[in-house]
Amino acid sequence: MSITLKQAQQALTAAHEAAVQHNVKMNIAIVDSGANLVTFLRMDDAWLGSLDISIKKAKTARFFDMNTGEIGKLSQPGGPLYNIEHSNNGLITFPGGIPIRNNQGAVIGAIGVSGDTVENDHTVAQAGADAVQAVKE
Amino acid sequence: MSITLKQAQQALTAAHEAAVQHNVKMNIAIVDSGANLVTFLRMDDAWLGSLDISIKKAKTARFFDMNTGEIGKLSQPGGPLYNIEHSNNGLITFPGGIPIRNNQGAVIGAIGVSGDTVENDHTVAQAGADAVQAVKE
Amino acid sequence: MSITLKQAQQALTAAHEAAVQHNVKMNIAIVDSGANLVTFLRMDDAWLGSLDISIKKAKTARFFDMNTGEIGKLSQPGGPLYNIEHSNNGLITFPGGIPIRNNQGAVIGAIGVSGDTVENDHTVAQAGADAVQAVKE
Amino acid sequence: MSITLKQAQQALTAAHEAAVQHNVKMNIAIVDSGANLVTFLRMDDAWLGSLDISIKKAKTARFFDMNTGEIGKLSQPGGPLYNIEHSNNGLITFPGGIPIRNNQGAVIGAIGVSGDTVENDHTVAQAGADAVQAVKE
(Lines give C-alpha, C1' and ligand atoms only; values in the text may rest on other atoms or scores of the structure.)
Protein backbone atom coordinates (compact mmCIF):
# COMPACT_ATOMS: atom_id res chain seq x y z
CA MET A 1 0.00 0.00 0.00
CA SER A 2 1.35 3.37 -0.99
CA ILE A 3 0.33 6.99 -0.65
CA THR A 4 -1.89 8.30 -3.45
CA LEU A 5 -1.34 11.57 -5.26
CA LYS A 6 -4.42 12.92 -3.50
CA GLN A 7 -3.00 12.08 -0.08
CA ALA A 8 0.41 13.44 -1.04
CA GLN A 9 -1.23 16.68 -2.11
CA GLN A 10 -3.06 16.85 1.23
CA ALA A 11 0.23 16.42 3.08
CA LEU A 12 1.97 18.99 0.89
CA THR A 13 -0.80 21.55 1.29
CA ALA A 14 -1.05 21.08 5.05
CA ALA A 15 2.71 21.41 5.48
CA HIS A 16 2.78 24.47 3.23
CA GLU A 17 0.01 26.10 5.25
CA ALA A 18 1.89 25.36 8.47
CA ALA A 19 5.02 26.94 7.01
CA VAL A 20 3.12 30.07 6.02
CA GLN A 21 1.55 30.19 9.48
CA HIS A 22 4.96 29.93 11.16
CA ASN A 23 6.42 32.45 8.72
CA VAL A 24 9.17 30.11 7.53
CA LYS A 25 10.35 29.36 3.99
CA MET A 26 10.46 25.66 3.31
CA ASN A 27 11.23 22.97 0.79
CA ILE A 28 8.65 20.19 1.21
CA ALA A 29 8.92 16.72 -0.33
CA ILE A 30 6.57 13.73 -0.16
CA VAL A 31 7.71 10.23 -1.15
CA ASP A 32 5.72 7.04 -1.57
CA SER A 33 6.28 3.62 0.01
CA GLY A 34 9.04 3.02 -2.56
CA ALA A 35 10.80 6.19 -1.34
CA ASN A 36 10.21 7.85 -4.70
CA LEU A 37 9.07 11.47 -5.00
CA VAL A 38 5.32 12.07 -5.39
CA THR A 39 4.93 15.80 -4.74
CA PHE A 40 7.31 18.64 -4.02
CA LEU A 41 7.28 22.39 -3.59
CA ARG A 42 9.88 25.04 -2.79
CA MET A 43 8.62 28.32 -1.33
CA ASP A 44 9.90 31.62 -2.75
CA ASP A 45 13.33 32.49 -1.32
CA ALA A 46 13.65 29.22 0.58
CA TRP A 47 17.26 28.03 0.89
CA LEU A 48 18.36 26.40 -2.33
CA GLY A 49 20.48 23.84 -0.45
CA SER A 50 17.38 22.66 1.37
CA LEU A 51 15.87 21.29 -1.84
CA ASP A 52 18.06 18.19 -1.77
CA ILE A 53 17.90 17.98 2.03
CA SER A 54 14.09 17.90 2.07
CA ILE A 55 14.03 15.04 -0.43
CA LYS A 56 16.77 13.15 1.42
CA LYS A 57 14.88 13.57 4.72
CA ALA A 58 11.72 12.13 3.19
CA LYS A 59 13.64 9.20 1.71
CA THR A 60 15.53 8.58 4.95
CA ALA A 61 12.31 8.54 6.98
CA ARG A 62 10.80 5.95 4.64
CA PHE A 63 14.02 3.93 4.30
CA PHE A 64 13.85 3.12 8.02
CA ASP A 65 10.22 3.95 8.89
CA MET A 66 11.20 6.32 11.67
CA ASN A 67 11.71 10.03 12.20
CA THR A 68 15.03 11.19 10.79
CA GLY A 69 16.05 12.69 14.13
CA GLU A 70 15.85 9.24 15.74
CA ILE A 71 18.40 7.89 13.28
CA GLY A 72 20.64 10.86 13.99
CA LYS A 73 20.84 9.83 17.64
CA LEU A 74 22.26 6.48 16.57
CA SER A 75 24.66 7.79 13.92
CA GLN A 76 26.83 9.92 16.20
CA PRO A 77 30.51 9.10 16.76
CA GLY A 78 30.66 5.94 18.88
CA GLY A 79 27.00 5.16 18.16
CA PRO A 80 25.76 1.91 16.61
CA LEU A 81 24.96 3.47 13.22
CA TYR A 82 27.97 5.80 13.03
CA ASN A 83 28.12 7.51 9.61
CA ILE A 84 25.15 5.63 8.17
CA GLU A 85 24.73 8.85 6.15
CA HIS A 86 27.18 7.45 3.59
CA SER A 87 24.63 4.90 2.38
CA ASN A 88 21.84 5.29 -0.15
CA ASN A 89 23.53 8.16 -1.99
CA GLY A 90 23.37 10.23 1.19
CA LEU A 91 21.01 10.23 4.14
CA ILE A 92 19.97 13.21 6.27
CA THR A 93 19.55 12.18 9.89
CA PHE A 94 18.55 15.35 11.71
CA PRO A 95 14.89 16.24 12.34
CA GLY A 96 12.46 17.13 9.56
CA GLY A 97 11.70 13.73 8.03
CA ILE A 98 8.65 11.79 9.23
CA PRO A 99 6.94 8.62 7.97
CA ILE A 100 3.39 9.14 6.71
CA ARG A 101 0.88 6.57 7.99
CA ASN A 102 -2.68 5.93 6.90
CA ASN A 103 -5.54 5.94 9.39
CA GLN A 104 -4.78 2.31 10.24
CA GLY A 105 -1.16 3.08 11.16
CA ALA A 106 0.52 1.55 8.13
CA VAL A 107 3.47 3.47 6.64
CA ILE A 108 2.48 4.55 3.13
CA GLY A 109 5.22 7.14 2.48
CA ALA A 110 7.11 9.95 4.17
CA ILE A 111 7.51 13.72 4.27
CA GLY A 112 10.72 15.70 4.43
CA VAL A 113 10.92 19.42 5.23
CA SER A 114 13.96 21.70 5.20
CA GLY A 115 14.48 25.46 5.32
CA ASP A 116 14.63 26.65 8.92
CA THR A 117 15.65 25.33 12.36
CA VAL A 118 15.35 21.58 12.70
CA GLU A 119 12.59 22.17 15.26
CA ASN A 120 10.55 24.18 12.77
CA ASP A 121 11.36 21.71 10.00
CA HIS A 122 9.96 18.93 12.20
CA THR A 123 6.84 20.92 13.16
CA VAL A 124 5.98 21.61 9.55
CA ALA A 125 6.62 17.99 8.55
CA GLN A 126 4.36 16.78 11.37
CA ALA A 127 1.53 18.97 10.09
CA GLY A 128 1.87 17.28 6.72
CA ALA A 129 1.97 13.75 8.12
CA ASP A 130 -0.98 14.42 10.44
CA ALA A 131 -3.13 15.67 7.59
CA VAL A 132 -2.97 12.28 5.88
CA GLN A 133 -3.43 10.18 8.97
CA ALA A 134 -6.52 12.19 9.98
CA VAL A 135 -8.38 11.39 6.77
CA LYS A 136 -10.80 8.46 6.73
CA GLU A 137 -10.17 6.48 3.57
CA MET B 1 14.02 36.87 -13.02
CA SER B 2 12.78 33.49 -11.97
CA ILE B 3 9.44 31.72 -11.75
CA THR B 4 7.56 32.15 -8.46
CA LEU B 5 5.98 29.31 -6.53
CA LYS B 6 2.57 30.66 -7.51
CA GLN B 7 3.45 30.55 -11.21
CA ALA B 8 4.99 27.11 -10.82
CA GLN B 9 1.80 25.87 -9.19
CA GLN B 10 -0.25 27.31 -12.06
CA ALA B 11 1.91 25.46 -14.55
CA LEU B 12 1.74 22.24 -12.55
CA THR B 13 -2.04 22.41 -12.15
CA ALA B 14 -2.66 23.22 -15.81
CA ALA B 15 -0.42 20.38 -16.95
CA HIS B 16 -2.05 17.98 -14.51
CA GLU B 17 -5.51 18.94 -15.78
CA ALA B 18 -4.37 18.42 -19.36
CA ALA B 19 -3.04 14.98 -18.42
CA VAL B 20 -6.36 14.01 -16.80
CA GLN B 21 -8.21 15.31 -19.83
CA HIS B 22 -6.05 13.22 -22.20
CA ASN B 23 -6.33 10.24 -19.86
CA VAL B 24 -2.56 9.86 -19.47
CA LYS B 25 -0.49 9.27 -16.33
CA MET B 26 2.33 11.74 -16.03
CA ASN B 27 5.26 12.92 -13.97
CA ILE B 28 5.37 16.72 -14.11
CA ALA B 29 8.32 18.85 -12.97
CA ILE B 30 8.81 22.62 -12.93
CA VAL B 31 12.27 24.20 -12.49
CA ASP B 32 13.27 27.82 -11.95
CA SER B 33 15.71 29.94 -13.95
CA GLY B 34 18.59 28.25 -12.12
CA ALA B 35 17.26 24.85 -13.30
CA ASN B 36 16.37 23.88 -9.73
CA LEU B 37 13.10 22.10 -8.91
CA VAL B 38 10.20 24.26 -7.71
CA THR B 39 7.16 21.97 -7.94
CA PHE B 40 6.62 18.34 -8.88
CA LEU B 41 3.86 15.76 -8.98
CA ARG B 42 3.58 12.16 -10.04
CA MET B 43 0.16 10.82 -10.92
CA ASP B 44 -1.02 7.50 -9.50
CA ASP B 45 0.40 4.55 -11.47
CA ALA B 46 2.57 6.81 -13.67
CA TRP B 47 5.80 5.13 -14.82
CA LEU B 48 8.35 5.29 -12.04
CA GLY B 49 11.20 5.69 -14.52
CA SER B 50 9.56 8.84 -15.82
CA LEU B 51 10.16 10.62 -12.51
CA ASP B 52 13.81 11.28 -13.30
CA ILE B 53 13.06 11.85 -16.99
CA SER B 54 10.53 14.59 -16.25
CA ILE B 55 13.03 16.43 -14.05
CA LYS B 56 15.83 16.01 -16.61
CA LYS B 57 13.54 17.29 -19.38
CA ALA B 58 12.73 20.41 -17.37
CA LYS B 59 16.41 21.01 -16.61
CA THR B 60 17.43 20.38 -20.22
CA ALA B 61 14.83 22.86 -21.54
CA ARG B 62 16.16 25.55 -19.20
CA PHE B 63 19.81 24.68 -19.75
CA PHE B 64 19.47 25.64 -23.41
CA ASP B 65 16.26 27.70 -23.43
CA MET B 66 14.65 25.55 -26.09
CA ASN B 67 12.27 22.60 -26.37
CA THR B 68 14.02 19.35 -25.57
CA GLY B 69 12.93 17.84 -28.87
CA GLU B 70 14.84 20.54 -30.77
CA ILE B 71 18.07 19.47 -29.07
CA GLY B 72 17.31 15.87 -29.94
CA LYS B 73 17.28 16.74 -33.64
CA LEU B 74 20.85 18.02 -33.31
CA SER B 75 22.19 15.22 -31.11
CA GLN B 76 21.56 12.35 -33.52
CA PRO B 77 24.45 10.30 -34.93
CA GLY B 78 26.26 12.53 -37.39
CA GLY B 79 24.59 15.66 -35.99
CA PRO B 80 26.45 18.63 -34.57
CA LEU B 81 25.58 17.86 -30.95
CA TYR B 82 25.92 14.06 -31.05
CA ASN B 83 25.88 12.60 -27.54
CA ILE B 84 25.41 15.94 -25.77
CA GLU B 85 23.26 13.87 -23.40
CA HIS B 86 26.43 12.90 -21.50
CA SER B 87 26.77 16.40 -20.07
CA ASN B 88 25.12 17.93 -17.01
CA ASN B 89 24.66 14.59 -15.27
CA GLY B 90 22.40 13.45 -18.08
CA LEU B 91 20.16 15.32 -20.46
CA ILE B 92 16.91 14.12 -22.01
CA THR B 93 16.57 15.38 -25.57
CA PHE B 94 13.28 13.99 -26.82
CA PRO B 95 10.05 16.01 -26.58
CA GLY B 96 8.36 16.88 -23.27
CA GLY B 97 10.56 19.69 -21.95
CA ILE B 98 9.58 23.30 -22.70
CA PRO B 99 10.92 26.65 -21.40
CA ILE B 100 8.42 28.66 -19.40
CA ARG B 101 8.26 32.33 -20.36
CA ASN B 102 6.52 35.18 -18.60
CA ASN B 103 4.06 37.38 -20.46
CA GLN B 104 6.95 39.50 -21.75
CA GLY B 105 8.68 36.51 -23.30
CA ALA B 106 11.55 36.14 -20.83
CA VAL B 107 12.49 32.59 -19.84
CA ILE B 108 11.78 32.21 -16.11
CA GLY B 109 11.97 28.42 -15.80
CA ALA B 110 10.92 25.26 -17.58
CA ILE B 111 8.51 22.33 -17.43
CA GLY B 112 9.28 18.69 -18.04
CA VAL B 113 6.62 15.98 -18.56
CA SER B 114 7.11 12.24 -18.93
CA GLY B 115 4.79 9.25 -18.80
CA ASP B 116 3.29 8.59 -22.20
CA THR B 117 4.15 9.07 -25.88
CA VAL B 118 6.52 11.95 -26.50
CA GLU B 119 3.72 13.66 -28.40
CA ASN B 120 1.45 13.49 -25.36
CA ASP B 121 4.31 14.46 -23.06
CA HIS B 122 4.84 17.57 -25.18
CA THR B 123 1.14 18.43 -25.30
CA VAL B 124 0.83 18.27 -21.53
CA ALA B 125 4.01 20.31 -21.03
CA GLN B 126 2.74 22.95 -23.42
CA ALA B 127 -0.46 23.29 -21.40
CA GLY B 128 1.66 24.00 -18.34
CA ALA B 129 3.91 26.52 -20.06
CA ASP B 130 0.95 28.29 -21.66
CA ALA B 131 -0.80 28.71 -18.31
CA VAL B 132 2.06 30.85 -16.98
CA GLN B 133 2.58 32.92 -20.10
CA ALA B 134 -1.14 33.74 -20.25
CA VAL B 135 -1.19 35.35 -16.81
CA LYS B 136 -0.78 39.11 -16.51
CA GLU B 137 1.76 39.80 -13.80
CA MET C 1 18.82 39.11 -9.10
CA SER C 2 22.10 37.44 -9.82
CA ILE C 3 25.74 38.48 -10.00
CA THR C 4 26.93 39.71 -13.39
CA LEU C 5 30.14 38.57 -15.07
CA LYS C 6 31.59 42.03 -14.41
CA GLN C 7 30.87 41.75 -10.69
CA ALA C 8 32.18 38.20 -10.58
CA GLN C 9 35.40 39.35 -12.23
CA GLN C 10 35.73 42.14 -9.64
CA ALA C 11 35.35 39.61 -6.84
CA LEU C 12 37.82 37.22 -8.47
CA THR C 13 40.43 39.92 -9.07
CA ALA C 14 40.14 41.35 -5.56
CA ALA C 15 40.46 37.92 -3.98
CA HIS C 16 43.41 37.06 -6.21
CA GLU C 17 45.17 40.30 -5.23
CA ALA C 18 44.55 39.56 -1.56
CA ALA C 19 46.03 36.10 -2.03
CA VAL C 20 49.15 37.51 -3.69
CA GLN C 21 49.43 40.08 -0.90
CA HIS C 22 49.23 37.36 1.76
CA ASN C 23 51.60 35.17 -0.21
CA VAL C 24 49.20 32.24 -0.36
CA LYS C 25 48.25 30.00 -3.31
CA MET C 26 44.54 29.77 -3.76
CA ASN C 27 41.72 28.32 -5.79
CA ILE C 28 38.97 30.96 -6.10
CA ALA C 29 35.43 30.27 -7.32
CA ILE C 30 32.46 32.62 -7.80
CA VAL C 31 28.91 31.27 -8.25
CA ASP C 32 25.71 33.09 -9.16
CA SER C 33 22.38 33.12 -7.30
CA GLY C 34 21.59 29.70 -8.77
CA ALA C 35 24.84 28.35 -7.26
CA ASN C 36 26.33 27.87 -10.75
CA LEU C 37 29.95 28.78 -11.51
CA VAL C 38 30.58 32.20 -13.10
CA THR C 39 34.34 32.71 -12.74
CA PHE C 40 37.21 30.63 -11.41
CA LEU C 41 40.98 30.72 -11.17
CA ARG C 42 43.64 28.48 -9.67
CA MET C 43 46.98 30.02 -8.83
CA ASP C 44 50.20 28.32 -9.90
CA ASP C 45 51.12 25.48 -7.53
CA ALA C 46 47.92 25.83 -5.51
CA TRP C 47 46.70 22.54 -4.02
CA LEU C 48 44.89 20.53 -6.66
CA GLY C 49 42.46 19.13 -4.10
CA SER C 50 41.38 22.65 -3.28
CA LEU C 51 39.87 23.11 -6.74
CA ASP C 52 36.75 21.13 -5.84
CA ILE C 53 36.73 22.49 -2.30
CA SER C 54 36.66 26.10 -3.46
CA ILE C 55 33.70 25.42 -5.75
CA LYS C 56 31.86 23.46 -3.03
CA LYS C 57 32.49 26.30 -0.53
CA ALA C 58 30.99 28.83 -2.92
CA LYS C 59 27.97 26.62 -3.58
CA THR C 60 27.50 25.88 0.12
CA ALA C 61 27.58 29.60 1.01
CA ARG C 62 24.88 30.31 -1.57
CA PHE C 63 22.82 27.21 -0.74
CA PHE C 64 22.22 28.57 2.78
CA ASP C 65 23.10 32.28 2.40
CA MET C 66 25.62 32.18 5.21
CA ASN C 67 29.36 31.78 5.71
CA THR C 68 30.41 28.17 5.39
CA GLY C 69 32.09 28.25 8.81
CA GLU C 70 28.76 29.04 10.45
CA ILE C 71 27.25 25.86 9.05
CA GLY C 72 30.26 23.91 10.30
CA LYS C 73 29.49 24.98 13.87
CA LEU C 74 26.06 23.38 13.55
CA SER C 75 27.14 20.20 11.77
CA GLN C 76 29.48 18.87 14.47
CA PRO C 77 28.73 15.57 16.25
CA GLY C 78 25.77 16.19 18.52
CA GLY C 79 24.88 19.41 16.69
CA PRO C 80 21.54 20.06 15.01
CA LEU C 81 22.88 19.70 11.46
CA TYR C 82 25.26 16.77 12.01
CA ASN C 83 26.49 15.35 8.71
CA ILE C 84 24.59 17.84 6.54
CA GLU C 85 27.69 17.57 4.33
CA HIS C 86 26.18 14.47 2.71
CA SER C 87 23.56 16.56 0.90
CA ASN C 88 23.82 18.42 -2.40
CA ASN C 89 26.57 16.17 -3.76
CA GLY C 90 28.85 17.25 -0.94
CA LEU C 91 29.03 20.42 1.10
CA ILE C 92 32.14 22.01 2.60
CA THR C 93 31.34 23.56 5.97
CA PHE C 94 34.61 25.02 7.22
CA PRO C 95 35.54 28.67 6.58
CA GLY C 96 36.30 30.07 3.14
CA GLY C 97 32.83 30.38 1.59
CA ILE C 98 30.98 33.70 1.85
CA PRO C 99 27.76 34.99 0.25
CA ILE C 100 28.23 37.93 -2.10
CA ARG C 101 25.76 40.75 -1.59
CA ASN C 102 25.10 43.78 -3.73
CA ASN C 103 25.23 47.28 -2.26
CA GLN C 104 21.64 46.91 -1.12
CA GLY C 105 22.40 43.77 0.87
CA ALA C 106 20.72 41.22 -1.40
CA VAL C 107 22.55 37.93 -1.93
CA ILE C 108 23.50 37.71 -5.61
CA GLY C 109 26.03 34.87 -5.47
CA ALA C 110 28.91 33.57 -3.38
CA ILE C 111 32.68 33.15 -3.31
CA GLY C 112 34.65 30.10 -2.21
CA VAL C 113 38.39 30.08 -1.54
CA SER C 114 40.64 27.14 -0.71
CA GLY C 115 44.39 26.62 -0.61
CA ASP C 116 45.77 27.59 2.79
CA THR C 117 44.62 27.77 6.43
CA VAL C 118 40.89 28.23 6.82
CA GLU C 119 41.62 31.63 8.36
CA ASN C 120 43.51 32.72 5.25
CA ASP C 121 40.90 31.14 3.00
CA HIS C 122 38.25 33.22 4.77
CA THR C 123 40.31 36.44 4.61
CA VAL C 124 40.82 36.10 0.87
CA ALA C 125 37.15 35.26 0.30
CA GLN C 126 36.11 38.30 2.30
CA ALA C 127 38.24 40.53 0.09
CA GLY C 128 36.39 39.20 -2.91
CA ALA C 129 32.94 39.61 -1.41
CA ASP C 130 33.73 43.13 -0.17
CA ALA C 131 34.85 44.24 -3.62
CA VAL C 132 31.39 43.61 -5.04
CA GLN C 133 29.42 45.10 -2.19
CA ALA C 134 31.51 48.28 -2.30
CA VAL C 135 30.58 49.07 -5.89
CA LYS C 136 27.67 51.40 -6.58
CA GLU C 137 25.51 49.81 -9.23
CA MET D 1 55.13 21.20 -18.36
CA SER D 2 51.77 22.75 -17.73
CA ILE D 3 49.99 25.99 -18.56
CA THR D 4 50.55 28.80 -16.04
CA LEU D 5 47.79 30.93 -14.60
CA LYS D 6 49.12 33.82 -16.65
CA GLN D 7 48.85 31.83 -19.88
CA ALA D 8 45.42 30.54 -18.92
CA GLN D 9 44.28 34.10 -18.33
CA GLN D 10 45.63 35.10 -21.74
CA ALA D 11 43.67 32.29 -23.36
CA LEU D 12 40.53 33.16 -21.41
CA THR D 13 40.75 36.85 -22.23
CA ALA D 14 41.43 36.26 -25.93
CA ALA D 15 38.53 33.83 -26.20
CA HIS D 16 36.24 36.20 -24.31
CA GLU D 17 37.18 39.05 -26.66
CA ALA D 18 36.51 36.85 -29.68
CA ALA D 19 33.11 35.96 -28.25
CA VAL D 20 32.23 39.61 -27.74
CA GLN D 21 33.44 40.38 -31.25
CA HIS D 22 31.25 37.61 -32.72
CA ASN D 23 28.35 38.67 -30.53
CA VAL D 24 27.94 35.25 -28.94
CA LYS D 25 27.46 34.30 -25.27
CA MET D 26 29.92 31.70 -24.17
CA ASN D 27 31.12 29.55 -21.32
CA ILE D 28 34.93 29.33 -21.54
CA ALA D 29 37.09 26.87 -19.60
CA ILE D 30 40.86 26.37 -19.53
CA VAL D 31 42.41 23.20 -18.07
CA ASP D 32 46.05 22.37 -17.38
CA SER D 33 48.10 19.37 -18.51
CA GLY D 34 46.43 17.34 -15.75
CA ALA D 35 43.02 18.19 -17.26
CA ASN D 36 42.11 20.19 -14.15
CA LEU D 37 40.39 23.58 -14.34
CA VAL D 38 42.66 26.67 -14.20
CA THR D 39 40.36 29.51 -15.30
CA PHE D 40 36.72 29.79 -16.23
CA LEU D 41 34.15 32.40 -17.11
CA ARG D 42 30.49 32.38 -18.08
CA MET D 43 29.16 35.40 -19.97
CA ASP D 44 25.89 37.02 -18.88
CA ASP D 45 22.89 35.09 -20.24
CA ALA D 46 25.04 32.33 -21.71
CA TRP D 47 23.31 28.93 -21.71
CA LEU D 48 23.51 27.39 -18.28
CA GLY D 49 23.85 23.89 -19.71
CA SER D 50 26.98 24.98 -21.55
CA LEU D 51 28.87 25.43 -18.27
CA ASP D 52 29.45 21.72 -17.88
CA ILE D 53 29.89 21.22 -21.62
CA SER D 54 32.68 23.81 -21.85
CA ILE D 55 34.59 22.12 -19.02
CA LYS D 56 34.04 18.66 -20.52
CA LYS D 57 35.23 19.90 -23.92
CA ALA D 58 38.43 21.24 -22.40
CA LYS D 59 39.03 18.00 -20.49
CA THR D 60 38.25 15.87 -23.54
CA ALA D 61 40.70 17.85 -25.71
CA ARG D 62 43.46 17.34 -23.16
CA PHE D 63 42.55 13.70 -22.43
CA PHE D 64 43.40 12.81 -26.03
CA ASP D 65 45.47 15.83 -27.17
CA MET D 66 43.24 16.50 -30.15
CA ASN D 67 40.31 18.70 -31.09
CA THR D 68 37.06 17.38 -29.65
CA GLY D 69 35.46 17.33 -33.09
CA GLU D 70 38.08 14.85 -34.29
CA ILE D 71 37.07 12.41 -31.57
CA GLY D 72 33.44 12.87 -32.53
CA LYS D 73 34.16 11.57 -36.02
CA LEU D 74 35.44 8.33 -34.50
CA SER D 75 32.68 7.89 -31.91
CA GLN D 76 29.76 7.62 -34.33
CA PRO D 77 27.72 4.41 -34.61
CA GLY D 78 29.93 1.84 -36.33
CA GLY D 79 33.05 3.90 -35.69
CA PRO D 80 36.14 2.65 -33.85
CA LEU D 81 35.45 4.70 -30.70
CA TYR D 82 31.68 4.29 -30.63
CA ASN D 83 30.21 5.77 -27.44
CA ILE D 84 33.58 6.70 -25.94
CA GLU D 85 31.55 9.51 -24.34
CA HIS D 86 30.64 7.10 -21.52
CA SER D 87 34.18 7.21 -20.14
CA ASN D 88 35.78 9.74 -17.80
CA ASN D 89 32.50 10.81 -16.23
CA GLY D 90 31.32 12.03 -19.62
CA LEU D 91 33.14 13.32 -22.67
CA ILE D 92 31.92 15.90 -25.17
CA THR D 93 33.09 15.05 -28.66
CA PHE D 94 31.69 17.76 -30.89
CA PRO D 95 33.73 20.87 -31.79
CA GLY D 96 34.73 23.53 -29.25
CA GLY D 97 37.57 21.83 -27.38
CA ILE D 98 41.15 22.44 -28.50
CA PRO D 99 44.53 21.52 -26.97
CA ILE D 100 46.64 24.52 -25.95
CA ARG D 101 50.28 24.29 -27.05
CA ASN D 102 53.21 26.44 -26.05
CA ASN D 103 55.37 28.12 -28.69
CA GLN D 104 57.40 24.93 -29.07
CA GLY D 105 54.31 22.88 -29.89
CA ALA D 106 54.02 20.96 -26.63
CA VAL D 107 50.52 20.46 -25.24
CA ILE D 108 50.30 22.32 -21.90
CA GLY D 109 46.53 22.33 -21.43
CA ALA D 110 43.29 22.80 -23.34
CA ILE D 111 40.40 25.18 -23.87
CA GLY D 112 36.71 24.33 -24.08
CA VAL D 113 34.02 26.72 -25.33
CA SER D 114 30.25 26.22 -25.41
CA GLY D 115 27.29 28.53 -25.94
CA ASP D 116 26.51 28.82 -29.65
CA THR D 117 26.85 26.78 -32.85
CA VAL D 118 29.69 24.31 -32.76
CA GLU D 119 31.38 26.33 -35.50
CA ASN D 120 31.33 29.47 -33.37
CA ASP D 121 32.35 27.49 -30.29
CA HIS D 122 35.38 26.23 -32.22
CA THR D 123 36.28 29.69 -33.56
CA VAL D 124 36.24 31.21 -30.09
CA ALA D 125 38.26 28.32 -28.64
CA GLN D 126 40.84 28.70 -31.42
CA ALA D 127 41.28 32.37 -30.53
CA GLY D 128 42.07 31.34 -26.98
CA ALA D 129 44.51 28.60 -27.96
CA ASP D 130 46.26 30.85 -30.48
CA ALA D 131 46.82 33.57 -27.88
CA VAL D 132 48.97 31.25 -25.79
CA GLN D 133 50.91 29.71 -28.64
CA ALA D 134 51.77 33.17 -30.03
CA VAL D 135 53.54 34.29 -26.85
CA LYS D 136 57.29 33.90 -26.59
CA GLU D 137 58.07 32.41 -23.21
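A, B, C and D are the chain letters, set down in written order, and residue numbers restart from 1 in every chain.
The criterion applied here is as follows: a residue touches a chain if its C-beta (ideal position, glycine included) is under 8 Å from a C-beta of that chain, and two chains touch if they have at least 3 such contacts.
Model, not experiment: these values are computed from the prediction.
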{"item": "Type of subunit B:subunit D copy interface by residue overlap (half), same or different", "value": "different"}
{"item": "Pair joined by the larger number of C-beta contacts - B-C, A-C", "value": "A-C"}
{"item": "Gap in Å, rounded to a whole number, between the CA centres of subunit D and subunit C", "value": "25"}
{"item": "Centroid spacing, where centroids are CA-atom means, of subunit A and subunit C in whole angstrom", "value": "30"}
{"item": "Distance from subunit C to subunit B - Cα centre to Cα centre, in angstrom", "value": "32"}
{"item": "Subunit D: positions in contact with at least two other chains", "value": "48"}
{"item": "Interchain contacts, given as pairs of chains that touch", "value": "A-B, A-C, B-C, B-D, C-D"}
{"item": "Complex interface listing, subunit C residues touching subunit B", "value": "32-36"}
{"item": "Residues on subunit A engaged by subunit B in the complex (per definition of touch)", "value": "4-5, 8-9, 34, 36-44, 48, 51"}
{"item": "Touching residues (chain side subunit A, partner subunit C) in the complex", "value": "47-50, 52-53, 56, 72, 75-77, 83, 85-86, 90-95, 117-118"}
{"item": "For the subunit C and subunit A complex, residues of the former touching the latter", "value": "34-35, 59-60, 62-65, 77-78, 80-84, 86-89, 91"}
